[in-house]
Amino acid sequence: MHFIVCIKQVLDPEMPVSSFRIDEEHMRVIPAQGIPPVISTFDENALEAALQLKEIHGGKVTAISLGYKLSRPIIKKSLSAGADDLLILDDPAFENMDSFATARVLARAITRLGDYDLILTGRQAADWDAGITGQALSEELDVPCITVARQIQLEDGLAIVERMVEDGYEIVESMLPCVITVSNDFGKLRPITIPGITQAKKKPVKELNATELGLNPVPASRCKLERLYVPSRMRTCKIIEEETPEKAGEALAERLHDQGII
Amino acid sequence: MLLELSDYKDDMRRCIRCSICKWPPLAQVKSLRFSNACPSVAKYNFHPYSGGGKLALGLALLEGKLTEATDEMLNILFRCTACGACDSSCKYNAEIEVLWSIYSIRAHVVGAGYQLDEHAIITDSLRREDNPLSFPKSERGKWAEGLDVKDLSKGGRAEIIYHAGCLSCYDPESAAVARDTVKLLVKAGLDVGIRGAQESCCGSSAFQLGFQGEFIKFAESNIDDWNAAGAKTVVTSCACGFGIMKSVYPLLGKEMKFEVKHISEVLADIIKDGRLELRKNLSAQVTYHDPCNLGRKSEQYVPWKGEAKKLLGQFIVREPEKIIHRGWNGIYDPPRNIINSVPGVILKEMERIREYSFCCGAGSGVKQTMNDFALWTARERIEEAKSTGARTIITACPWCKKNFKDAIAELEEKVEVYDVVELAKQAI
Amino acid sequence: MVSEKRTALIVAETTRGGNLAPITLELISCGHGISKNMGGDVAIAILAEEIGKAPEDAIAYGADRVFLAMSPILGVYKADAFLQALSPIIEQISPEAILMGQTDMGRDLAPRLAARLSTGLIPDCVDIKFEPASGSFRMTRPVFGYKALADFTSELKPQVVTLKSRTWKPLVPDRSRNGEIIEIDVSMNASQFKTRFVKRVKEDDTQMSLEDAEAIICGGRGLGDASGFSILDELAKALGGAVGASRPPCDAGWASASRQIGLTGKVVSPKLYIAVGLSGSSQHMAGCRDSKIIVAVNKDPEANIFSEAHYGVVGDYRKVIPHFINRIKQIKEK
């Protein structure tokens, strides 16, 4: 079976709050020193899903990453984790595409890869949080799409998916091939090991740019970003201070009672 | 952010390639055999591996003359234990902040997305399990099972918090030393507690490798935990941790309501005022290895920000005055005092000691990711130890001890390595 | 077919029994505001198997035209079926904007709908305005884990948006309002779709739902381990509230995923929200910022939660909370 995983490089969503700064003029986040970019969290869950399915059903896992000036060590972590080959789509034209344009470029690259059984990606990217690309990709490829999966089984040409809903979960079936977006409830990506890193060095990495994909210029973004800013929060917290934490706990109860909250 | 490469532009520009970073202070060089300060350039014999060489790389990156970091460049930047010997030597001549420039170059390169694949294992492990060694967090407290000491993770207070450090929690030999350490402290009547399973890494490997973001999270969390526990003193066995806690933690701008001490300081004190008596005669010739992070790297670092003016077109005058950190104020005497308090033990000093001590080879991730280089450096140091006539090396850092022992096992030498705490315990 | 009016189309969510879900009332309220600015009206598409008072309620709460598509296959949300049922409605109305909630359904359906219509989508909007000068919408949404806000405009029509729940207040129902109810012919059978809904399973119902609780105690990574939640359970009992969790405790298995509050979890706005051992990351605050009173207990005086909370205690929660609980019990006994 052929599993395709789409992984996106993002600025670390877990960077300390003090390092998050925005360049309002250029409408972008300023990358901070000493904080490397990472593979988007939910994409790592998707990669874990692909690797688990490969362990059960055999086949290969192809990782695809799209962007501009991608960090090869960061993206190649997918190979160290166990993916079999990697396709890097790196081009200045790819830098500011929206999810729909991204989906179209990914779809073009995927059709060039030949046959596939399942495309996996994260439910949303850990930077822009839109959650659009997976579904848009399914529309581009005209295949079904199941979102926020936390468990996937494959049987007789079908994907049987347990997906998260508000008060529990749903079980949905889809014919293959299809797109499945994966949620963090699926489980974390396995730890990287030294043998994994050594094997990764021998795995094939292909690179394509926009022209080679026949998509130069890329599709225009459907919405226009007008402003990116950090909202100012005006809330002053009343800190309850006492000599000991135990006394502070009691004082807190009394204060809330005085204010009619308890 | 603590590490901004542009802050060190002037430092990097002023390197004139005098090469003093490769040698100990010339007045202290006693023989040709042991005249290297920098393990990296001693082994690889290529200028970029030295302190000044890395500064040249950093300047090129900052000025845009190099636009990407190749594998070879990453190799040069990370095949270095960040021992600070280059920094200490340079301060005799040019007063350039070599070590912090190296930290900043690493942070710069890491922020741009370059890293060694092996470092991903360290950072992943820090994120998931709160330690750089890929051991599970759930087993963090196992080293203290059965130990009669306050476990602060269950509530309660103590005057002193003992921070064991990641290696002591997970490596059986170091754990045994940690247990002995706690027993000694309790025996001397000190009100000491441990955080058991809730202890987490000091963040020193993250900081030294350039992963500032990770480091800040660990450092701030530790400071908060120790503040909240109400302790007056934090005592640690981890020399790397001690060095970073003293030199970098204060720079985060968080109030530290406690003092940080190394176990050798506390032990020296309680021996001096008689709370612990060393009576057994051990009759041995030993030498002492000064760990980098306990010695020159534990001086508190104050980044200088001000104006540098040139007098007469030549002499640089700084306003406000810049404090030069030469490493003279590290912890050198307490371990020596402990050794000298043991009856029958004679201390023979090596040639490269105190702030110009030669690194053991394990620091800043080198032991975990480039063991061959770590062992080479250890062998060099063991040779020096043997040259004093001593067959026992005393040190005060679990990483130094581990690296020496690995090298000795490989060489099948008849040299023994002990932590200074073990020495004291044997003499009770 | 070009419509004379500018219409905001709402895609309704219904509950079992065929009534409108609360999010739908919020959507209608937003649509109402937009349609006033556009000089247009509000249409709502209700896709369901059975409808109770949904159409009448929709009109009372502000809709002008109600399009009903009924089929047993539409009884439970399925993307393929809903896309097919919406298609003739959208063609008939040719709306300026299509509104859904940032809910299970909206998150799944809106991107596919926008892709199919070759139009743009702004998800998780916290603000949307129609600008008469340009004839387009200006939309604001949180990005970067809720650390920043982004404003967007677009020229493509219809503009698809999903709205963040509990951001717009439903209008006061006016039973005297008039509106049109139009039934759309829908004939579909399950075999034409490549996906099949099997079943839905409810999980973790031992406590009251987070959305209904008036007091919520939420635990974060700072709890240290799973045992911290037993202290929070006690506090919840003392206050008659529910216990939630931020993402790290759920990922670590200390709490079940259905308790997760935040950007990819539940959005709540109780009267009292007590955050324990919680740093207050923006991803989490996305789920609880609109709570009436926020109280924080954290060992880190500079934790972000203190810039969001109304009251706070800096200290070890294992020392603070038990005494907090005792005092509450004493107060309640009086």
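Each chain carries a letter (A, B and C) given by its place in the written order, and its residues are counted from 1.
FYI, contacts are C-beta pairs under 8 Å (C-beta built on N, C-alpha and C of every residue); 3 or more make two chains touch, one makes a residue touch a chain.
Remember, predicted model here, so these are calculated numbers, not experimental data.
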Would you kindly say which chain has the C-alpha centre located farthest from the C-alpha centre of chain B? C
Per-chain Cα centroid nearest the overall protein Cα centroid belongs to chain A
Would you kindly tell me how far, in whole Å, the mean C-alpha position of chain B lies from that of chain A? 37
Taking each chain's centre as the mean position of its Cα atoms, how many Å separate chain A from chain C? 22
Could you give the separation in Å between the centres of chain B and chain C, each centre being the mean of its C-alpha atoms? 51
Identify all positions of chain A at which a residue touches two or more other chains, and write them in rising order. 188, 245
Out of chain C, which residues touch more than one other chain, so two or more? 301, 314-316, 319
By the touch definition above, chain B meets two or more other chains at residues 220, 228
Spell out the residues on chain C that touch chain A in their complex, using ranges where they run on. 78-80, 103-104, 107-108, 111-112, 114-116, 119-124, 138-139, 142-154, 156, 194-205, 209, 239, 247, 250-251, 257-258, 263-264, 266, 271-272, 281-283, 293, 295-297, 301, 304, 306-316, 319-324, 326-328, 331-332
Residues of chain A touching chain C in their complex? 11, 13, 17, 20, 22, 29, 98-100, 103, 123-124, 126-132, 134-136, 138-140, 143-148, 150, 160, 164-175, 178, 183-185, 188, 222-231, 233, 235, 237-241, 244-250, 252-257, 261-262
Which of the residues in chain B come into contact with chain C in the complex? 153, 155, 197-198, 220-221, 224-225, 227-229, 254
Once bound in the complex, which stretches of chain A touch chain B? 9, 12, 14-16, 18-19, 31-37, 69-71, 73-74, 76-77, 80, 188, 191-194, 197, 200, 245
Given the complex with chain B, which residues does chain C contribute to the contact? 224-225, 299-302, 314-316, 318-319
